[in-house]
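Residue numbering begins at 1 within each chain, and the chains themselves are lettered A, B and C in the order written.
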Amino acid sequence: MSDQHLLSVSELRGGYGQIKVLRGFDFHVAEGEIVVILGANGAGKTTTLRAISGMIERSGSVKLNGEELITTKPADIVHKGVAHVPQGRGTLPELSVEDNLRVGAYIRKDDDVDADMEQWYDVYPVLRERRNQRAGSLSGGEQQMLAVARALMSRPNLLLLDEPSLGLAPLIVQDLFARFAEINKETGTTMLVVEQNAQLALGIADRGYVLESGDISFDGPADALMNDDKIRKAYLGV
Amino acid sequence: MAGGSTTAAAAVPGGARWQFVKGTAGYRTYKTVGVALLVVLLVLIAFAYNDTASVTLLDNDYSLSLPRIIKAISFMVAILGLQVVAGFTGQLSLGQGFFFGTGAYLSAWLVADQNWNFFTALLVVVPVCFVLGMAFGIPALRIRGLYLALVTLALAAIFPSLVQLESLKDYTNGAGGKIVDYDFEAPEFLPLDGIANFLQGFPLVGQYFGDGDLSSREANRVWLFFLMVVLAWICFKMVSNLVQSRPGRALRAVRDNETSAAVSGINLSLYKTMSFGVASALGGVGGVIYVAELGIAAPLDFTNLLSILFIVGLVVGGVGTLSGAVIGGLVIAFLPQWASDTQSFPGIPERWLQGPVGNLIMGILLIVITFVLPGGIIAGVRRLRARFVQVLPEPPAKLAAQLAALAGGGATMAQPPEPTHDDVSDGTTVASEDTPASSTT
Amino acid sequence: MELFLARIFDGLSNGSTYALIALALVLIFKATTLINFAQGEFAMFGAFIVLVLATEQGIPMWIAVMLGMIVTAAVAAGVERTLIRPFDPADHLPLVIITLGLFLLINAVAGIVWRFDPRAFPELFPSGNVFSIGNAPLRWYTVFTLITLFVAVGLLTLLLNKTKVGLAFRAVSSNLESSQLVGIRVGPTLQFGWAIAAAVGTLGAAIFVADPFRQLQPNVMLTVLIYASAAAALGGLDSLGGAIIGGLAIGFVQSLLVPYTPIPNELSLAGAVLVLLVVLLFKPSGLFGTAQVERV
């Protein structure tokens, strides 16, 4: 691949101890795109994101703007511009909402942190209302907003979202995804979303990959996937 | 667990100089020779160290006296108790000094004031410590890991002030310590003098066995040594049998995986509490041996520092192995003593040879072993021995039958042996050197 | 009544020390769920540094205390880097063994360097009494000990709440994985916790032996650690405020137990152990702690 993508992954393998989950596959995400990875439970979606952000043993190649990150430690990967919203939100329950956002900006040394925080409060006004509350006291939807806002506080080049819809009511999820599309459009933040709710995810995505038992089985533009019979049967329940 | 160790042993390439197959005549010979060598060694120790109480090295006299060896035996038994709790159930008790002290004081009182002897005292010490330990074990059901370590350490810290209580002074003699005046009279029929004279007759080495007949004090000391060796041997044998019994396998199941042990119908609470009881009883026996040798139970001998020293012995010897307890006991009895015996050492300023140098070495040893030899010294020894001797499993047919029998009664078969620790069963029969060649590398 | 007051005053000054050592324990526990058994020995070592700086170098006492805190913080940071970090933080057994090894090591080094003869510690606070109610004097020592405790806690709170490293420390304490995902380097952050804990502990030990009724020797913290861990457990092991209340409570238990119960003086430690046992048995999260599942 001569044209350089923001994220180029090849021959990605990884897993937990003896259990190998990812069986060596390639994919890429271009600057400004929203890319979705679909797949059933246990297909390796979460593992893929954890492999990118360095949270598990991995091998192969993960390049960000051409820079190899396969041996880089998780904290350093964040410094390179990758923000990861883990499954189950990963908020810091004992810290206040505001402190959670501040932690999100941990890697930044500029003075615009407070301004950014206000910006995300405008996007998610409910967080402003609860800025002094413990993050653990928020509802699931609010925690997801907080987790996303926190990740964006680091001004990432690439945002990894792991099953943002998990455990949330359908209306909240719709709103959440609509907001992802807006954020992508307004800030140009590239997003790699892992999701079981294929309909919603493909609705905002540019392209999609389908992961089956640790390997990519389909890929293509979002609307092509949406109209593919097999995909529709397997993931859209139609 | 026979299944785990044998398969692993079979995987070791046959690099060892000698190989023995379990259940054959050659293996029985190997075992018999091992036992015989051990007995000869013990006799040599008894008579050699009786008189030449020290070795001179670099101008320092290093004590090798028999009393200290007996002290080491008392520590071995106490550490054996810790092995039961720490090695077999994966819990850390920092309170072993409490039971060691209890055994020491109880036997001191019974022997000094009630005219019992030390062996009848055991009949009281063992059940008392067992019940006390069970009582310890009940909180341990709810308090886990670190918290348990904290609580047990705290309990051990109370012991010295407990025995110095005004209301107990009539029994414990307060800060002065309880003195026991009791001689282990060597029976007349034992040819101790004969053995001594025989050993003295050897050219070159004879001088190390003293000169002429033993004094009655020396004879009594040798007698005490053998009695305590036998007592300790009984303790080790009992724990070794316990390890292989159904409850023992259950205990190890607790260590390996509590949930799986629970679902397989093992009465977790009972066995956990029991392991504390057994451990504490062994601590008590250790205390009895300690007083039988020293003749005094003094409060400051049983501070929480002692409990921590037992942990040093446990870790340095090797957690989860019975032979580790032997090494651990020797280490914590001799190293601090040798450290204080060292009055001068090239390159080390004199100031650093005085004071609690023993504890300094113990602390460093504890840290170093945790880093470089997590299985303890015994793991190193086994690795070394595996180069010379290898014990192969029994022929498959016989083994399969045994495995089937085990599987019928046991719940632990599914657990593979942990790679980092030698499995408990590897070290069970210390006295008879029955351990299979190390399979862990 | 006089006796009661006198014992309350005693309890306050003892409790303040327990609170400071408990704070040190809590700082490390919060971040790593590890109990540092060598915490008391770090503190004792620090107190000796203070003593040497003040008496042999003639440095003013309060500056000596601060230097002592810095020295022990540096030592603790080095210890964390070399002896603690190489181990898997989830596997407690080797870590506990390492801290026990440190316990023996530090205690022995102090014994070798400074011997076991008790030494008088220079005065840190004005002597004399603020007032006396009958035979119950409120000593300046008690008042200043309390003030120091609250100042220390205030500064600690500022450090944790208003600085970036404090924020990182709280984040790591709250959720290790998420902290990594926002770019916090966990190792140096925990190292910071160890350093701060050692400094706070040194302050506690210095105050403890600055009482004119006490002297400094290497074993001085052996039982204090037990009282302090009872205090920390009572407060919930991961709550800074809890450590203070727990410390003062244990101080009161200790000073009130003896005159008002048949428990003899020698066993006042047993009172603390009893509190520790009861808390861990019936309310393992203590009074103010976060309930958590302990799996070792």
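Basically, a contact is a pair of C-beta atoms (placed from the backbone, for glycine too) under 8 Å apart; a residue touches a chain by one contact, two chains touch by 3 or more.
Small disclaimer: the values here were computed from a predicted structure and weren't measured.
A comparison of the A-C and B-C interfaces places the larger number of contacting C-beta pairs at B-C.
Chain C has the Cα centre that lies closest to the mean of all protein Cα atoms in view. Put simply, the C-alpha centre of chain A and that of chain B have 56 angstrom between them. Taking each chain's centre as the mean of its C-alpha atoms, chain A lies 43 Å from chain C. One inter-chain figure worth recording: chain B and chain C are separated by 35 Å, centre to centre, where each centre is the mean of the chain's CA atoms.
Of all residues in chain B, none touches two or more other chains. Interface residues of chain B, counted against chain C in their complex, comprise 90, 92, 94, 139, 142-147, 149-151, 153-155, 157-158, 161-162, 164-167, 303-305, 308, 311-312, 315, 351-352, 354-360, 362-367, 370-371, 374.
The residues of chain A lying in touch with chain C in their complex are 53, 55, 73-76, 78-79, 83-84, 86, 90-95, 99, 102-104, 106-107, 150-151, 154. By the touch rule above, chain C contacts chain B in their complex via residues 33-35, 37, 83, 86, 92-94, 96-98, 100-109, 111-113, 115-116, 222-223, 226, 229-230, 233, 264, 266-267, 269-270, 272-273, 276-277, 280-281, 284, 294-296. Those residues of chain C that touch chain A in the complex are listed here as 164, 167-168, 170-171, 173-175, 177-186, 290.
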